[in-house]
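These are the structures in question, set out in turn.
Below are two complexes that have chain A in common, paired first with chain B and then with chain C.
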Partner chain A sequence: MSEPILQIRNLSTVFSTRAGDALAVDAVTLDLNAGETLCIVGESGCGKSITALSVAGLVPYPGKVVGGEVLLTGADLRKMTPAETAKVRGNRLSMIFQDPSSALNPVHTVGKQIAEVYRLHKGMDAKQAEAAAVELLGAVGIPDPQRRMKAYPHEMSGGMAQRIMIAMALACQPEVLIADEPTTALDVTIQAQILELMRQLQKDFGTAIILITHDLGVVAEMADHVAVMYAGQIVEYADVRTLFKSPKHPYTQALLRSVPSMGASQDMLEVIEGRVPQLTNLPEGCLFAPRCAVRRTADESRCTTITPDLLRVGPGHHCRCWLTAPSADESSREVELV
Partner chain B sequence: MSALLELRGVRKEFVIRGGALQRVVGRVNAVTDIDLSIERGRTLGVVGESGCGKSTLARVVVGLHPASGGQIIFDGKQINNATSGIDVASTRRIQMVFQDPYSSLDPRVPVGASIAEGLVVHGIGDAASQRQAVGEILQRVGLPAQAADRYPHEFSGGQRQRIGIARALILEPELLVCDEPTSALDVSVQAQILNLLRLLKKQLNLTMMFISHNLAVVRHIADDVMVMYLGHIVEVAPAATLFANPHHPYSQALLSATPVADPDQRGKRLRLAGELPSPLNPPSGCPFHPRCPLANDRCKAELPALTAVGPTRVACHAVAEGRAFSLHQAMAVQ
Partner chain C sequence: MLGYAIKRLLSAIPVLFGILVVTFSLARLIPGDPCKAMLGDKVSEATCAEFARNFGLDQPIWVQFFYYLRDVAQGNFGNSIRFSRPVSQIIIERLPMTIELAFLALIVATICGIAIGIFAARRHNTAGDVGTMAIANVGIAMPVFWLGLMMAYVFGVALKGTPLWLPPSGRLTAGLVSVPFYDVWGWQMAKGTFGAQFAEFISNFYIFNALITFNWAVFNDAIRHMILPALTVATIPMAVIARMTRSSLLDVLGRDYVRTARAKGVPDNKVVQRHALGNAMLPVVTILGLQMGALLSGAVLTETVFGLAGVGRMLVEAIFARDYPIVQGFTVLIATIYVVVNLIVDLSYTYLDPRVRPQ
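== the complex of A and B ==
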């Protein structure tokens, strides 16, 4: 396979708070190939959104990316000057946020906001940019794009506003699109439309997508590869079929079993006891150990003393667990996702 | 079996005022002609997308909004009147769990005081017995009795929703109305709350009305399911029937649009074009006709009534006329 378009290497982000330093993203390493969709999934507070923001260089204060590399076709985004990053963002790498109505500027028409992308990155004049924006609105399925150009964000429904966001993000046909919960605020029939639109545009432009979501249904629908995060760490990484059919990490297994099924009514759902640990007060050893049902029956002392590495457990399948991963001294030790 | 709750022709209209003089500039029928009944001990799931009127319906049932018309019959007696919602004696027997456990608790008072509020309002017991009742109900929802002295910010989302449930249950209601009780929660916490609700329903012999936009959650918890669209009931059926064999084109599209956590099921979707019309300016005839691939002239002109098809009641001309079978093909062509 060719060189991945985006390589994330040991990316770490710390939030300095009064309660201490919180390692929100802990040495995340991921590859993204052209035209592929990588889903990052996990519960609130697992660090999936901060990972996305760290990649885009948009971590809010008091957070700070403290280490690692983000290589876009080999060039490290973290080593670029602000002027250089500004050229990349919105052009070669762009982002869609969860709540479209708050991500759009309320005092400008949507047409002006989309045209701005073309003016900044493609150096078009106002007329050309407007024409390009109208065409783009049509491409993302906005009826009557000419008239919609003059509309303000508050005049749009959530689904419409998210289409506008996608239009802006894809205006320059970026190589990488980071979508942070793009359909969480939308109804299911609209969600289906937006997911289909993303898939279609990916096919047309060959865009690689990092899709952040907590919805395992959306993951099953969209992903080629999946990274499961817990308390700032990737705990499992696999292609989508492997992850759903033979998950290795106890957290992934429990997460999949806690989703109610549409097929039949179960009596009781499986629950994960306890809650995500506070990042300023992490447990010793495996971060999931205090909630892990497998550990409770296994009696493995390393779980509560030594943090497991993310190890290869099969072709393209990596897992961070003492109990289901091979032991660390085996020859297959291939640290991280290389 | 007798119906614990029955609605007959219930509607709720909101008046929209605008301008300096706050004149009436429009009217919105949030829910229209709702006929339903819930038998004692059963759970009715209400599904639909934002703006379909499901939350308004819940609020009408618990008396937070007075109904604009129709009858609400609880345990054989009409309990609503046109001006003031439902009568106070009945409010004790109908309680509600709200969506957002972060904003539904007063951050300035200990949760014990929030839970006991219903007892105080209805003048039940003295301070000591109220305190005891709070402790007991907290244990029932899986929290220690001492939690009563702590403040909402000290609890996680799942714990707060347990408190919300305790607050609704302390008056020993017969009907519990849950409005999206797990939408703000993570899946693993959602599973805890759903299990708790099922358990409590069994222990306390509750009747429930469960509002959600999440079909899988409704499948899990409901005995019967009602699908709403733009303020109207479009289909009601026993849960197993509705999920196995939905009749209304909207129910079919809704089921199909929901992503399933199985990569093998990918892409097999009926996709609806367009969006929910504005309730301010609803379409003529069947409210679903602008998005419906089966719509014809009759659908544009005439509002379909709920008709029985086996155990299902469905409001659709296409189903009634036997035109509905080719829906999958119809959507594939689109």
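== the complex of A and C ==
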């Protein structure tokens, strides 16, 4: 297995709101291996996007990253000056977002927006950057790229715009690409094309991808590793096979049962009862405990009193649950990922 | 683009036509006999019949309207009752000063307003932001005539004898004369022709006239006389523009495409400059067009306070003196300026925003 290219260590982000401080990202620790895809899944509002933005240093006001490290090949992005971070973003670490139609600047041509990346990071002049941009547009499957360069974002379909975003993100062949639900806003056939494009470019450039999604089908198709998030915390982390085959966390299990699976005839899909807790008013103990069906039958007092740690439950498999926690003598090997 | 400009220009015609209908009806709706209004209460029947024939008042109303259109097209707005002079001549004499005043005020308001707005937005929720916006709110609430009087007092009276002193009234210091450029250049023009009238109109822009004739003494003096009035007129629009710029920029800075720009590695200051300002200016441009109203009404009061002979003050005086030809002529004029300004705003919009640009 290759060295992790991106190491996220205890990353925490707080939103100070009138209702109190919300820990939207709670000591998230993750590794991303070069050339691999890590999927982050979880319900709406569990902190997937904020985790991604925290990694890139783009958390919106009133949010603030309050602790942790983001090591890109060993160098901590959080310790860099704004000028240094600007050199990394779009060059070694890129992002694409959910809604491509609002992610492009409406008053500039797409050609100009792509060329800007080359001018910023590759020191090209306007002419060179334009030529490079035309070539790149062709590479991401935009027909008639020369003409498309002069188009404005509002003249493009969502799928086309997302291709432009991908082109922009991959222009400098970054080591890491963070894609926050890149296909959620697109219709199904376009979704498949975009995912295929990402996979192709990943193969060509060796880019490692953090893919955020709440579509488990996408996870099955794209992921090498999966992290499941709940209320700002990673509750389970494993390689994709292990996670689908033997999920340990009751939340993951419920999540998997809530999707229709091909082949198996399921009369009814399960819904997870209750709602995601409010980040300003978190329950004591395990954050999932109030909704946890397993706990109700298990009779484990720690669930509602002490927050469980993310513990190793198998090779490269970690879970944050008292019910699956290894017995005391084993737990010395905890929290060490991979 | 040019085709669109022409189309917009043509679409202004119905608006202008509407304005003419309104001003035409205005004159007919004024209570009382126009003959008596013009010639006094004690005129004889015969004189009035003569009067009606002279002014076409015995014709059917649509014929009168046709005459009116013809006159306006020829720049003929009739004669002022008070001054017994053509309204067009009064416009030639007075409009340039008001345009100069409004234009200077517009420049000050736009540049300072946008700069202040950017300053505040970039310091969102800090003392700098809160402070500037508090001042802007005071600026909006300030009565123009009071502000004008205060300015005139502080800079024109209290600071007398210091280098900060500025003339509190008039267009030029007594003794200085603005010599029309055509006299400086020795042009010979037949009186009363359109060319001569146009040249006279241009020469009444004192600052511009001094500039093209290299008369720096008059240039400096005219500008110094305009500073206080222009600042007075500019205050409210400047505050409005500053608030608009701030809120628009804050809105834009939270947009997805600004986040994209940051994610691309665009440095912070360039993010504002390249990716936020262009978008943030769209609502500001709209406001600019609307502020023309504030600018013109501000000019009326300001001209009075600073003793400037512009159209604003003349219009107010004409209303009180029931000098209807002037009211009518000036209304057409101001409405036309309004239409033209909004046309420019519209066209600049298509320049700034590709989404409304015609293909």
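Operating definition for what follows: the second predicted complex is superposed on the first by the 323 of 338 C-alpha atoms of A that agree within 3 Å, B and C clash if a C-alpha of one lies under 4 Å from a C-alpha of the other, contacts with A are read in each partner's own complex, and residues count from 1 in each chain.
In the analysis below, a residue touches a chain if its C-beta (ideal position, glycine included) is under 8 Å from a C-beta of that chain, and two chains touch if they have at least 3 such contacts.
What you are looking at is a predicted structure, and each value in this text was computed from that prediction instead of being measured.
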{"item": "Clash-or-fit label for the pair chain B, chain C on chain A", "value": "fit"}
{"item": "Greater residue coverage of chain A in the superposed arrangement, chain B or chain C", "value": "B"}
{"item": "First, second, both or neither for A:94, with chain B first and chain C second", "value": "second"}
{"item": "Chain B versus chain C as contact partner of A:16, first or second or both or neither", "value": "neither"}
{"item": "First (chain B), second (chain C), both or neither touched by A:192", "value": "first"}
{"item": "Which of chain B and chain C A:220 touches, first, second, both or neither", "value": "first"}
{"item": "Inter-chain angle, chain B to chain C through the CA centre of chain A, in degrees rounded to a multiple of 10", "value": "80"}
{"item": "Touching partner for A:86 - first (chain B), second (chain C), both, neither", "value": "second"}
{"item": "Touched partner set for A:305, first chain B, second chain C, both or neither", "value": "neither"}
{"item": "First (chain B), second (chain C), both or neither touched by A:58", "value": "second"}
{"item": "Minimum distance between Cα atoms of chain B and chain C in the superposition (Å)", "value": "9"}
{"item": "Contact set on chain C toward chain A in their complex", "value": "124, 254-257, 259-268, 274-275, 278-279, 352-355"}
{"item": "Chain C contact footprint on chain A (complex, rising order)", "value": "56, 58, 60-61, 82-83, 86-91, 94-95, 97, 99, 102-109, 116-117, 120-121, 152, 154, 165, 168-169"}
{"item": "Contact footprint of chain B on chain A as seen in their complex", "value": "43-44, 157, 159-160, 187-193, 195-196, 214-221, 223, 240-241, 244, 254-256, 258-263, 265-272, 275"}
{"item": "Sites on chain B touched by chain A in the complex", "value": "49-50, 156, 158, 186-192, 194-195, 198, 213, 215-217, 219-220, 239-240, 243, 253-267, 269, 271-273, 275-276"}
